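What follows is a pair of complexes built around chain A, which joins chain B in one and chain C in the other.
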Partner chain A sequence: MSPALNPGAAPLSRRAVGDAVDRVRGTFTFAVDRRIEGTLHAVAVRSVAPHGRITSIDAADALAVPGVVAVIDGSHVAADDGISPWYGENRADQPVLAIGKVRYVGEPVALVIADSRATAEAAAAQVWVDIEELPHVVDPVLAGAPDAPQLHDEWPNNDSGTWTLVHGDAERAMATAAHVHTATYTSPAQNHVPMEPHSATGAWLPDGSLEVWTGTQSPYVVRQRLATMFRLDPDRVRVRGDSLGGAFGSKIDLRLEGLVALASRAVGAPVRMELRRDEVFQSASKHAATVTMTTGVDEDGLLVARIIDIVWNSGAYALQTPRSSRTGMIRSPGPYRIPHVLARSVARYTNTVPTGPFRGAMTGQVCWAHESAADEIAAELGVDPVEWRRRNLLRDGDAFATGDVMHEMHYVDLLTAVDDALTADAPPTSSTRTRTRRRGRGVAAVLKTTRTPTRSEAQVQVDAEGQVAVRTSAVEMGQGAAASLAEMAARRLDMPAEDVSVSWPDTGWTPFDQTTSSSRTTFATGLAVERAASDLRACIAQQVAQPWGITPDQVVHRDGCVSSPGDPAQRMTYADVVRSSGAGELVGTGRYETPPGAGRLDPETSQGNVSVHFHQGVVGVEVEVDTETGRVHVLRAHGATYAGRLIDAERARKQIEGGMLFGLGQAVMEETLYEAGQMINPNLSDYQIPSLLDVPLTSSTVLSDADPDAEPHGIGESTVPPMAPAVANAVHDAVGVRIRDLPVTAEKVLRALREKQADDRKN
Partner chain B sequence: MTERTESRPVEVAVDGRTRAFDVRTDETLLETLRDRCGTTSVRYCCGIGVCGTCTVLLDGDAVSSCLLLTVMAEGRQVTTPQGLAATSCSAISSAQQAFVDAGAFQCSYCIPGMALAAQAAIDRDPEASVDHLVDELAGNLCRCGSYPQVREALERLVSGPTDDTATTPEEVHQ
Partner chain C sequence: MRPFRYHRPGTVAEAAQLIADLGEDGAILAGGTSLMTLARLGLAEPQHVVGLAGVPELCGIEGNSGDGITLGAMATLRQVETIPPVRRLAPGLAEAAHQVATVRIRNQATVGGTLVHADPSQDLPPMLMVYDAVARLTGPTRTREVPVAELFVDFFETVVDPDEILTSVHLPPASLGVIAGYLKFLPRTQDDYATISVAAGLTVVDGCIDTARIAVAGGGSTPQRCREAESALVGGGTDVAGLAAAADLVPEALDPVSDARGSGDYKREMARISTRRLLQRLVSESAT
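Moving on, here comes the complex of A and B:
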């Protein structure tokens, strides 16, 4: 029976600990492996113009291709009263299919639905779309000019979010500073490149409810969007997820789910979509950003004021930008004690691929600025950059730029760990050092807020066979969330984690979870799971305490059994307890919610309590620069982060070191390039990501809190943003040139070296 | 209007079992394996032969199945990651075991192709060095950054099975 047509089916559950053999052999499955009987296939016809009015869409030739079932476009959507086609987190500015107008190359204009993907693909090339081109804009600074092409009539000046942060009086304080430094730092659009492409299957059930299987990071967000789009009660939408082959932010919010639901509605059968790699490039992007940072320090090099201006490129549609651009602005002062901060942030629509969160969302761009600036300031003051940071980094009791009084600050220890690791010994390398190869070291630190406010719910249950199952809507995407949740439950229940199964998300069965992003899962979902497991443990104890004549807290839990302390004869497995209870299963529930008021900020000044805790990361690298080619080779990288209560050291290491390698790509190679409004490198040959040959020696330090009641902190993003500035700082240390425009490519380094030589000769 | 691409019968041995299909002449082996055989260990990522997630062995040589037309595999032996150890008595091959022992995966999407490429390389040259294996795997990309553990897996593969578990980071409790 096809699972889509079986609404009673329980959620997917797996043993999350001990799945290594399946993962290495490849029998472990992902969302893209989900196939449902009787499914048709849809392929999008995409805009080839960056900006224009759709004058006609002729699908006659496509419809004549044998196997093609239907072709739908925005006019069908707009004419359908059952559909509310516009969506977005903060403003509904994006149509599920282009309606009347296209705003970027790659925007879905029509859907071809056929009996096979190959047929749909071939037919999509025969849908003739006429577009009357309008002037386009790809640069967010130009998009703010009065005469710039306007993308959305409803949102003038291409404004997709304007914010300020006012802490103290930065302009006045700046005037008193002993030394002032100003520079502008730019970072380009980049792609998440999840190895697994996006996929989804949608099906309308006979009762008029909608079911979608999808590779998403945020099942409950998708449910809400679909409910709004198809005017359904959210309970009539069931979103079922599976493991993701990487996501990094690209699979948040609505992606293909609206399209497959639309297609399925049109043809009355389940419809599946899977993106080609070029379409993945055309679906989501990191925000390009320009950050101008002016910093004042006193005679001792202590920070007195910082003024930051940020322009974000939000792409053609806003999605989360109106909220997330503020988050990025708030992180832009960096992890420093600065009495006076003024930050101004504006996001602008452009005719480029819509943006979304990107691992360490909205932080890489601002970290690139404040950590490059840190080294520049230290150099101007003649102070060691590590020492300058040590003097200025946030410590417990300091106020952050939002006014938050900081606690659990570990920056100085993290920095020391990185500095020690870097200075310990030179890395063995195959490349011999010559006069044309220079080595240098650099460090960088980052502060990231976590999603606040936030809420997660969990259930932990045991059945009459003694099977323990954790039910949450957390998404396993390689970060090891499922294994961590299994371990957290198992510890509370004093049983082996290998015996605990974990649900994969299914909004028909698994309880609410806001999203799997922002490094929040181990923390927020994890705490909910621990509470549910403690609740179940108490429930089990309750069942046996009275018959044994003891109180529930005297019951001993060990290895999945309960016993009475004084009487060895009184011993039962959890399965026995369930059976004797007469209930089919015993269920514990738990939830985590941030305290009331947390996350509330003043709308004008962004002062308040921004985050329940702060993600802290420090990275150090050693590079070798070839002065003849400009090529930067990162030889080693050490990452350090604070984990709060650590759940698993091995997975932590993979996040810390994997995060640095993810950041390495953004540091030295990655950039999506546009020409005439069109992305020209949407493939993995022209857009390169790090391979095994690019990888430095990596090592890591994880600071943690041994207190069993301490909160776990997310660690999946803290070493991504600092990688780029650490590399640029190391390049400066090696050859004395400063690159302020990411990525730090060989061409840029070489050009800067030539300019420096010319300058040196002049002087 | 175009007609559908012409189909042709083809016989391919997939993981030791002869399979007969009627395939489009432009159908790739990747499509055939995923869509007709339900193979999950062979995966699409780049579609242009640069990422290695679609790696299979064709008569023992590692190839990108996204670039190979199924009609070209007529009469040949295709081995997928999940079928690699099918003919031996252990469930997984020595390279796969090394990846398991090193904990070499995060999302694991890229890993079956990597382990298969590593197995092909070590089978071709049992004396291969770690550096040689690293070169052989240069065309297998991993976005999660599991490379340090992949390297550990290659070291294990070269030095033979050992008992010690994967190294953990320096842990500091406050």
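Moving on, here comes the complex of A and C:
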């Protein structure tokens, strides 16, 4: 079946600039549209119990359904010497199919493989799974109690990662502070809600190698996981990607790839899976978190110390949590100059959907705390919250909580841009403040580290037809990465970006890239592409310089042609150069890697160089609150970020404004709800995301560095985390109530208003 | 979704015969915005689907002030929203239709479907109650008429028998003189189902409320008339205190479930606030 999965030897590629037309017409091809002839279809049988021992699985009825080919479960997997079923980034705690035990509602227990998805779906309902239920726990704080149900024997106390950050002596400094503020802020589990559900197709080739087509953000991570799981050399696993219809972190690491590979191995044919929406909800979640923050300031309102305690809900399996919970902890002090910081972070397993990165990963939860606290502290000091931030925000030369000495800090300018945008209009007059509608404004800032250490590789090549192709393993998922990479290559080659094609990821052909996440693609993959394009440019110049009797650096590149400055007759297209070289194609290679030692932190104190640069974002919103219903309307939002060297202003603005809309849902409406250990709203009717009708007036500021040698900075996440605290701060400005538990629903606001009215009457 | 056999009758009689023959294995498909969603979720698994799209006698909307308005069961909510006789004679109904989800849904969803589906949060039913609308049901042996206010039994359950088809809904001419309006409370997205919604209609004669209708959706297992609040209004003035006092009676008539759209208590309170606001709006409209 190799030909079926292998329509072309070389990686597929497309013109990236201008793909919006296909997206609007509905002719753009996403991963879920990929159909490979002759595939069977698998559907997962999922646990209906939050925690329990599997006592029996009876597949006889399902196997009797016409069209069903096989049913496999964890016992088959455990008995197969060719499989290491447990996986995870930091600890292999998650089985590809439940083995012996289930740990959350929705966990895959068995796979039904049939000739159609409908048949597999119908038969899956006839696999009878007996589970002896165990006590379950969904709250990460309760999961830390001594008598709490234990999810994993190997990982006691439900601990899925414990970290500390020690910078100075926060406890001693706190005692000297003129004013101390403390509060606890909670944020719930939320779903990424990519419009495109997850899908993958896997097949074993006759030579014993494995090939998988999948909608993934991290082709090389998937390759490594599959190689480990099926005890193969990584070169024997080929992971081929497509464009994604949104991902937001939900398509990182192993998702369906292990399942389709397992199914294909069992039946000897290619097998495809595609998730229903409720299964998307059951596959990945944002970490719920409880953050307690104690802050000390001096007489002038300057920060002297901050002590932070974080409890993360990692869900039933750790995946990246042991690493990422530390990353979140490191960002928790916020973008402020604080001489003394102590942060303690613990992540706990619970019987809920496993968590993973979520746009603005591990940062929304802590930003919610430090930016709500910022306004509360300013209010207690009687200082304007914008002014309080201006005094305390990080500037060049300040030390961050990791000891990093900060550079390229633009917070004060970003804050000023947001404040100016919000105050540009006349302040709301009394006519807009009707009796029951009050307006308010709020701002919030965020600091996010970028993935460090990190590595990306790229190739840029030109063939005898003059076709220029960029080959990377970066993933286009609606963020415009492919278009930006095409532009970066085209500029180095002095040719139109429209003429540059960009590959889909294909680990058989495209070079290593760590992941498409953490807002790293334009930066890390982009720099690798630029270096590859420069390498190709030098290679082309080399080819013509000697025959023309000039040095390579004298060669003029323009519009996809080279020429000699002194002699108009000496002019060749890139295609001519390739043809005359006799090489068939010319290839440039490039690589970006963070400097040695970058990202290395002290294991006890988390001091060190945490990030090669810092993502900086500030958001401001104006809201209207209905005092009789609690309904919060976000009327407008302005986002600002620092882009380093700017690649494309329009795409940057779309990321900033799109990020605010993504954050809006988390701010006011999104929350996955659990009852008796089961998620009760895994659908887009009960779990809502903002619709077009809910979009406020948005605008943006992009600060950048005009230096052509400056590094581009990622900007895809910088306005997501600040949205929720900006809204809560604006609500407080409007009606004087403080919500510390996300989302800021109308009902919570109304309850707080009524309590405040009762208190006001008492006083 | 489980595959099914699709039937496409051309007349009401053919359709009625089909559903009688198919019994419990059959389901009627109008616009499909609910049935297909339920089928995709595995909550409905019909083996046979009887599509009504090819039955001309179920389509269309007719009306004038003398005869009232007749809405065919297959009239789309977009038609209800936009067609001149409805906009002119029953603007409250057009307003309620306008509030349903999105244009894409309204182009597909039908009057008959929204009634027979009997989701207690639908927008049209409370407004049809305000206009004293009557549904016409056709069965194998008889045709009968049931006021919309008496159509609903429980969550997703109506008095329509399994072998009956709802063919049309009639708004009597006497109902068309009311000043009616709809207030849908949406604390989350603007295309959500209502957390609570209120439909109301008043006639005001010489500053005195002559007739009143109030119906609420999302307040319990069915949409419901709030007759005590209506009675409190009739014969009274249009002062804010009187309207508020009537609105205060609405929460007692309701028994909303707590869910992702709000707690039961919150929904009750929002019904009170929404009723008062809507009545104030209608009174101010009656004065112009």
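Rule of thumb we're sticking to: the second predicted complex is superposed on the first by the 748 of 763 C-alpha atoms of A that agree within 3 Å, B and C clash if a C-alpha of one lies under 4 Å from a C-alpha of the other, contacts with A are read in each partner's own complex, and residues count from 1 in each chain.
Criterion: a contact is a pair of C-beta atoms (placed from the backbone, for glycine too) under 8 Å apart; a residue touches a chain by one contact, two chains touch by 3 or more.
For clarity, every value in this text was computed on a predicted model and none was experimentally measured.
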item: Which superposed partner A:D576 touches (first chain B, second chain C, both, neither); value: neither
item: First, second, both or neither for A:R631, with chain B first and chain C second; value: second
item: Touched partner set for A:T745, first chain B, second chain C, both or neither; value: second
item: Partner chain in contact with A:L673 - chain B first, chain C second, else both or neither; value: second
item: Contacts of A:A118 with chain B and chain C, given as first, second, both or neither; value: both
item: Touching partner for A:L693 - first (chain B), second (chain C), both, neither; value: both
item: Contacts of A:S685 with chain B and chain C, given as first, second, both or neither; value: both
item: Which of chain B and chain C A:D139 touches, first, second, both or neither; value: neither
item: Partner chain(s) touched by A:D159 [first = chain B, second = chain C, both, neither]; value: neither
item: Chain B or chain C, by number of chain A residues touched; value: B
item: Common ground on chain A, meaning residues reached by chain C in one complex and by chain B in the other; value: 118, 122, 276, 683, 685, 689-691, 693
item: Residues of chain A defined as touching chain C within the complex; value: 118, 121-122, 125, 276, 278, 628-631, 668-669, 671, 673, 680-681, 683, 685-691, 693-694, 745-747, 750
item: Residues of chain C defined as touching chain A within the complex; value: 1-3, 40-42, 102, 185, 187-193, 259-263, 266, 269-270, 273
item: Residues of chain A touching chain B in the complex; value: 20-21, 23-30, 32-33, 35, 61, 64-67, 117-119, 122, 126, 193-197, 243-246, 248, 274, 276-277, 410, 413, 417, 430, 477-480, 646, 649-650, 652-654, 656-662, 683-685, 689-693, 695, 698-706
item: Chain B residues touching chain A - in the complex, by the definition given at the top; value: 1-5, 24, 26-27, 31, 35, 38, 40-48, 50-51, 53, 80-82, 84-85, 91-92, 96, 99-100, 103-112, 115, 131, 134-135, 137-151, 166, 168-174
